[in-house]
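I've put the structures underneath this note.
There are two complexes below, and they share subunit A, which is joined by subunit B in the first and by subunit C in the second.
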Partner chain A sequence: MTAHPPRLKFVSSNRRVREDRRFVVGQGRYVADIVVDEMLHVAIVPSQHPAARIVSIDTSQALTMPGVVYALTGEELAKAVDPLMNGLDTPKVRRYPLAVGQVRYAGEWVVAVVAESRAQAEDAIEKVRIEYEPLPYVIDAEEAITAASAKVHPEHGTNVLLDRTFVWGEVDRHFAESPRHLKFQVKWGRNSTVPIETFGVVAKWDPWREMLDVWASIQMPKYPDQISRALRIPANNVRVHHDVDVGGSYGVKRGIKQTVLVSHLSRIIGRPVRLIEDRLENMRAGDAHGPERLFDVEVAFNDRGIVKSMKMRALDNVGAYAGRSPFQLGKPIGAIVGPYKIESVQYRAIATLSNKAAQEAVRGFGQSPTNYAIETAIDKVAGALGLDRIEVRRRNFIRSDEFPYLIPSGTHYDSGDYHTVVDKVLRHADYDALVRERDALRASGMMAGIGIAACLEPSGGNSSFEPLLNEKNTTTTWMDSCRINIDGVGFVTVAIHTTSSGQGHETLAATVVGEVLEIDPDKIRIVRPDSLASLPSNTPVGSRMAIMMGGACYHAAQKLKSKLTQIAAHQFGVAENDAVYAQGNVTDPRSGKTLSWIDLVNIGHRQYHALPPGMDPGLETTHVMQVPTATKLPEDGRVQMYPCHSFEFHLVLVAFDPEIAKPQIRRYVIGHDCGTVINPHIVKGMTLGGIAHGLGATLLEEFVYDDEGQILTQTFMDYLLPSSHEMPDVEIVHHCTPSPFTVFGQKGSGESGYLGAPAAISGAINDAVSSLGISFSRLPIRIAAISDAIAAADKIKKG
Partner chain B sequence: MKVSLNVNGRTREAEVEPRKTLLDTLREDLSLVGSHAGCEHGVCGACTILLDGEPVRSCLMFAAQADGYAITTIEGLAPAPGELSVLQDAFCETHGMQCGYCTPGMILAAQALLQRVTEPSREDIVDAISGNICRCTGYGQIVEAIELAAERLRQVNMPRSSANADNAPAAPHGDRS
Partner chain C sequence: MKLDIGGSETIPAPVDALWVALNDPAVLIRCIPGCKSMTETSPDAYKVEMQLRVAAVGGSFEGAISLSDKDAPKSCNIQVSGSGSLGHGNGTARFDLEPEGDGTKLTYKGNGEIGGLVAGVGQRILMSVSKHLIGRFFVALRKEFEASASKGVA
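For the complex of A and B:
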């Protein structure tokens, strides 16, 4: 644990976000802006069938079209590359960038046509002839896990990728001893983060230098490693350029199939190749859909609403390939009891294949669906007892004096003060007045409801779910790094080692280094070396960068400060501890002597003779940071998942006309505690954006498949994203409970808002319709579903 | 075919296929890559440009159709290299973006609003940007940016069209004031 600096000058102050300057003038550098000489373009022939054997492919006509250079099939590609990585130990679920022998979902990529322009490639794909023999397929998850269902990968023998039951604590005894039980089912619909920029990649293989250069709209840990393995080339022949701005990701920008495809094409054609997904390719087959999860939940509780134990079965429909997505059932284990003192849990996690598009990691990595299920349970407990929903939450909350708090599944929560945050929100919102407003709306003939959600944002992004769900995986680190260099003229340059997709990492790094070195962050240059010049990073996943990259920057800066102090102390003839560093200068208080920044730079860069004996010349430090609290592999199905746990409490008033049934959010208040905030602008944006994303998941967004296995929502006209009209004014109530495990007490905030909004908004709608004796148990709750349910309830009432 | 386009106050010529969109032409032939492709079917607004001062989807029109109009792209708003317009600066002040991908279209939509309305209400602002999808911010800090820019522009002691941008054509001011 590191002592916190006494007073923060730059951290937590409302400084501008330095990245913004280039974006407001249209000078971001996105992958589609990168033009490499002689670059070729790809268009894709998609599968029309949810499952079919590929009988034959005829590309001869396409190859005669203007500008066409190559047409690649999966069969040819599979001879030259290895299957893409699976997270679980499922070697017979093979995934290649193009379908090999069989297609497994409608839209799956079958043939890649390469031409001088994208338009020419698109023209040519229409000339590719493919003969299919349709096969049985399965769309529904419950059906997919039955023995009789069609097998997505027959060689795997079953559609089940993962079926693990964990029992943490005395579940049977707690259920037997509890006077009350209830059970229910809820479903989280298949949606995703759907960035406005689709995935794109440019790859250039240079056979003389034996180097693959990659520019991509990427946010993925171990990306160069995966490219190297799939292409069977040394990892130091892969150079990923990190100075590419990513136009939104929130988890999903992990285009490994796209990258392997264009890299291979560049290798065989001998020219750079680019693939920028169009919106159709992205929506139906970018392999970037999010969790689609069915929850069966049972809770045991007493007459006071204290929940003693929970049984949860989570069945996730991960689509046609495995990838990393089944791990999204594992991460929520680190906060499986939410902010509550539930003493025991039985958790069954099932991931099944189906003939839908493959999933990818989505914001929260499975936590938001799980929070939705837990919060629904708490609402139902309150409802069953006729108790106030907030009061039931308060009774079950972990108290502020109980941290660090060990939950049954093995994670210690770091810190929190949930009761205080709730009190602050209720005071800010004037809860009694809000209830009166709801009741007045009801009296006027509107449907109106209040929604409540309390939940955690596990942050710090360790990857302990990997060894927990796959015993062949022995990962216990998910490090991040920073390198700082003071040049010979005295200017500071900080290297960070990943791409960013809007999280403001350059601002974060400059703020932290400026804070420690006590110099103006605006004068610090931030650079992003390519992957071969980079130190280890695991990219911005798991709400980890404030903790991990911020932590690495802090420690590297401390090392640099120490080096400067040692140089001066040597000159003064005193011990390091007796010299005082302040704002770049070092003083010996006893003699009154001071060496200025520029004096120290001069010694460090030019005067080896003046350095302390044994000290290396130059003024450069690095730090590779281990995830706080991560020390060991899982034991007995328990593991410390993430180090830090931010808290959020949502309070929402929703109203709608019973016939039109378009929910309008009249009031949205969120209490947010993510410890020490490094940049308030950035955290605020994350929270508001997270709520918008959660609103979409609750009311609008779903990748819908019909009974024929065809995806119906492929454009922004049918997959609806929240616009400025749908988003309410959100009031944020701040609270700060520092984490004891981080350098400034910071926790993560990259998933804030999103993790509780679906529970809160759906809770408000259910409160609104409760008088009709109905409730909604699947997301999204679209307008038509609400008006239909109200009409049906009215009909029954009128008899 | 040859098209002649008036972009950011300059006449630019390009040789394009008749089917080429204005967006692709701006990006590929004129190297103006600040306009972005998001959905390419007219919903997301990332490709928004101004055509005679009005926001238009450049993905939904052919380059040939833009002949004869004054086109403003995001590259035309900054008054000088390294210097931001009042509106651009306001977006930086409130952090009205994250990834920046929708930002050029968003700023141009706001630019068109502020050309017309000196004291926009929150509803005016929400309406003006409702055709531009931002996936990062939840719009709150974007609305704040436009409110701030409107306020600062009202305090600028010069005619609206020159305070706002170099190239935007003079438009009738002040629906409300």
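For the complex of A and C:
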């Protein structure tokens, strides 16, 4: 699309991440640091039942407690606000910030108590009396989709939100013609990203200015629009402040119910209101839960291990409300064959309601579970044929000369060189030595296994899954923007139009603008105007910001460079193309004349008479960037999903004692190709964090409900996170296959590591126990599950 | 979550005396851990207020206790239900009393269901906590008779 600049000075160079300075010295400005005069605080009464009719609510005692100002019920709230937005066309699945008439999961928010301090509000919630009449409930997804199951939203008629079967290519013929088939089931447990900072929001309604000011720990697409719609106020009465640091998210900082709740409270009480979830509120009913997915996979292949066709049924338990979560079954359609040349696919996507907490977006938006299922299939194909797992992958890989490569579901993969990345990793790791190490561990009595995963990170996120899964949705853009201003003294300020949750967007924007304008990025100011002063932008989701914000900054900077060049060329009396811009100065090579940066600033800001005819004064440019490759609505169930596809190849050695069964990762090597890297530190941080996240999903993390619908994992005593004890040293092997669709050849990396780690680590454990004839098909694979399975297998062996 | 309890205890008191004690709210208030008050709402039905701590969470419960299928002085069923900031619970249990030497053997068996915060935060220790609370109940109950026995001597 755009020719790559010949030499990059700042992009890809070893430069510090500018945000890190304030974070490491404790000078971030998080939502909890926002203190507004007269601010009130909220605590929440949760439901203790998975499903129950609310018979009565008595807040009278609570209202007499010290400091208590208000107690809000769902019934009162529902009269004043509209239901929160659903992604699918499911209007009868209504969701309000507080339960209305009925609770639908244990932990659901029922009453909000407002007091002068959080402690007073917490004391008062104990005095709220709620009478419930328990109702039938359903927890299991397979049970939920049956006709006889309890209905989470009886008005909707069924628990099924989405049941769509796509057939891309000649699946039946390929299955009939293939000599070998195998099928299996794997389950991805309900887990999440679990940021250190829970969600928080401060809202202040000013009736005299008719303005709702919102400060939030947010990563929600179309957030101001959703606030406006739910509260039934004009969108230009909603001002979201983007200059709030977000203490971690990776999808889960959705915050819309919390924001509508406190905004409404502020409106009726007439004072600013703050809600910062405590860990309990967050874990059971904040936006903390990610996909929980059952896969039934069948593949058709030949004796060489070439996979011709795949049938996949993905059943996702989205919990008690709809939201955007069913779309997490749609996004993986853009990489449904992984890095492989699978010619045809049948994909059945089912999203079901249940009496669990509502699911929200989590890093990868459903891609990591799907990658786990695909990679398990490839391992099983190799196992069935007695072939080497890496060799089977190589045989199925798309070759580097086949890009752009059209997959059956309608997406063109931009670029890649999978074979080379694998070669580099095997060379770096000395694969033969790794196999010897595994075998030596086995000989010493340990269980040891090697895990392998090759997978893609679709990036540059637009939202093509929305029109694909909801016909009423006609979205074909998911733009991002940048505005650059050179002030009258000659300093450069770049405006970006979103919050960041640790992705280093200020570093990204400064690096790109500095690169194009050939000026020191450290001298560029980055600001985040509030939402009313912002250009059209979307939130940093879908691994998109290097591509989209980076692209917007690039194009805005090019426009500015062009303007400066035109101003100088006009003074020189030459065409723009004959003047040469270098490091902020413009030269006419023929006459040898040069105009410096300061000269150009002077003309732009003060000397209208010297500007080229028709040029506006000032030195300011904007660019609103369309997602590359996104041009049209889906056709025949096919769509170009994301523009870019990063590749990662994981190689892991795991060992454990057969009785203690605590997996220890002895070696972790990842080959990573995300095209041109803009800042190596950011990409490295993403990859390491992503592997830790994937390690948690594989071995430790799960939101568990018991058979009675109670959530058992509400604190970090029971929801286990990986720590430095579990996390290995990770060796990263870089490769760069530039994307032809982006300004520097960059691709996304915000989900790197996480997208393949679960497949790789679970594969290593299955390799370790394969000699016992057992395998694990459910994540997380807990220590107890491993030791129990080994003990059971030993028992059978000994007879 | 579901909870099953059961066991037997020997109390140093005759069957009749134990029966009377177990039907006396004043005794029960002293013996039930955390019990603050117990008000009779109808024959064999009581409203109770309790203050309890389980693991990291503590709070107050309001509940109801009722006795049924009484076969004095041998057996009765007890129904308990309650809710509070900690969570909610309900259960039923059966008590059987039979003479054993100078005392009485009390056998109990029951099951319950617990929800809310206590089920989640306390689940891993709920079994041992319930055993502990039952243990405290019987320790206190035995003390009742030891106290009256020593009074008797004096």
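FYI, the second predicted complex is superposed on the first by the 799 of 799 C-alpha atoms of A that agree within 3 Å, B and C clash if a C-alpha of one lies under 4 Å from a C-alpha of the other, contacts with A are read in each partner's own complex, and residues count from 1 in each chain.
We take it that contacts are C-beta pairs under 8 Å (C-beta built on N, C-alpha and C of every residue); 3 or more make two chains touch, one makes a residue touch a chain.
Keep in mind that what you see is a predicted model, and the values were worked out from it rather than measured.
A.B. asks: Which partner chains sit in contact with A:E126 here, subunit B, subunit C, both or neither? Use first/second/both/neither.
C.D. replies: Second partner only, subunit C.
A.B. asks: Looking at subunit A, does subunit B or subunit C touch a larger number of its residues?
C.D. replies: Between subunit B and subunit C, B touches the greater number of residues in subunit A.
A.B. asks: Figure out whether A:L688 sits in contact with subunit B (first) or subunit C (second), or with both, or with neither.
C.D. replies: After superposition on chain A, A:L688 lies in contact with subunit B alone.
A.B. asks: Is A:Q48 in contact with subunit B, with subunit C, with both, or with neither (first, second, both, neither)?
C.D. replies: Only subunit C is touched by A:Q48; subunit B is not.
A.B. asks: Determine, under the contact definition given at the top, whether A:T715 touches first (subunit B), second (subunit C), both, or neither.
C.D. replies: both
A.B. asks: For A:G189 in the superposed arrangement: first (subunit B), second (subunit C), both or neither?
C.D. replies: Touch status of A:G189: no partner.
A.B. asks: Check whether A:G584 is in contact with subunit B, with subunit C, with both or with neither, and answer first, second, both or neither.
C.D. replies: neither
A.B. asks: Examine A:G366 and indicate which partner it touches, taking first as subunit B and second as subunit C; both and neither are also allowed.
C.D. replies: Touch status of A:G366: no partner.
A.B. asks: Could you list which residues of subunit A make contact with subunit B in one structure and with subunit C in the other?
C.D. replies: Touching subunit B in the first complex and subunit C in the second, residues 715, 717 of subunit A appear in both lists.
A.B. asks: Along subunit C, where are the residues that touch subunit A in the complex?
C.D. replies: 1-2, 56, 59-60, 83-85, 87-88, 113-117, 119-121, 123-124
A.B. asks: So in the complex, which bits of subunit B are touching subunit A?
C.D. replies: My answer: residues 17, 19-20, 27, 32-41, 43-44, 46, 73-75, 77-78, 84, 88-89, 91-95, 97-104, 107, 125-127, 129-143.
A.B. asks: For subunit A, which residues count as touching subunit B in their complex?
C.D. replies: Interface residues on the subunit A side: 16-17, 19-28, 30, 32-33, 119, 193-197, 245-250, 276, 278-279, 501-504, 681-682, 684-693, 715-717, 721-725, 727, 729-730, 753.
A.B. asks: Within the complex, which stretch of subunit A touches subunit C?
C.D. replies: Of all residues in subunit A, those touching subunit C are 46, 48-49, 106, 125-126, 280, 284, 706-715, 717-718.
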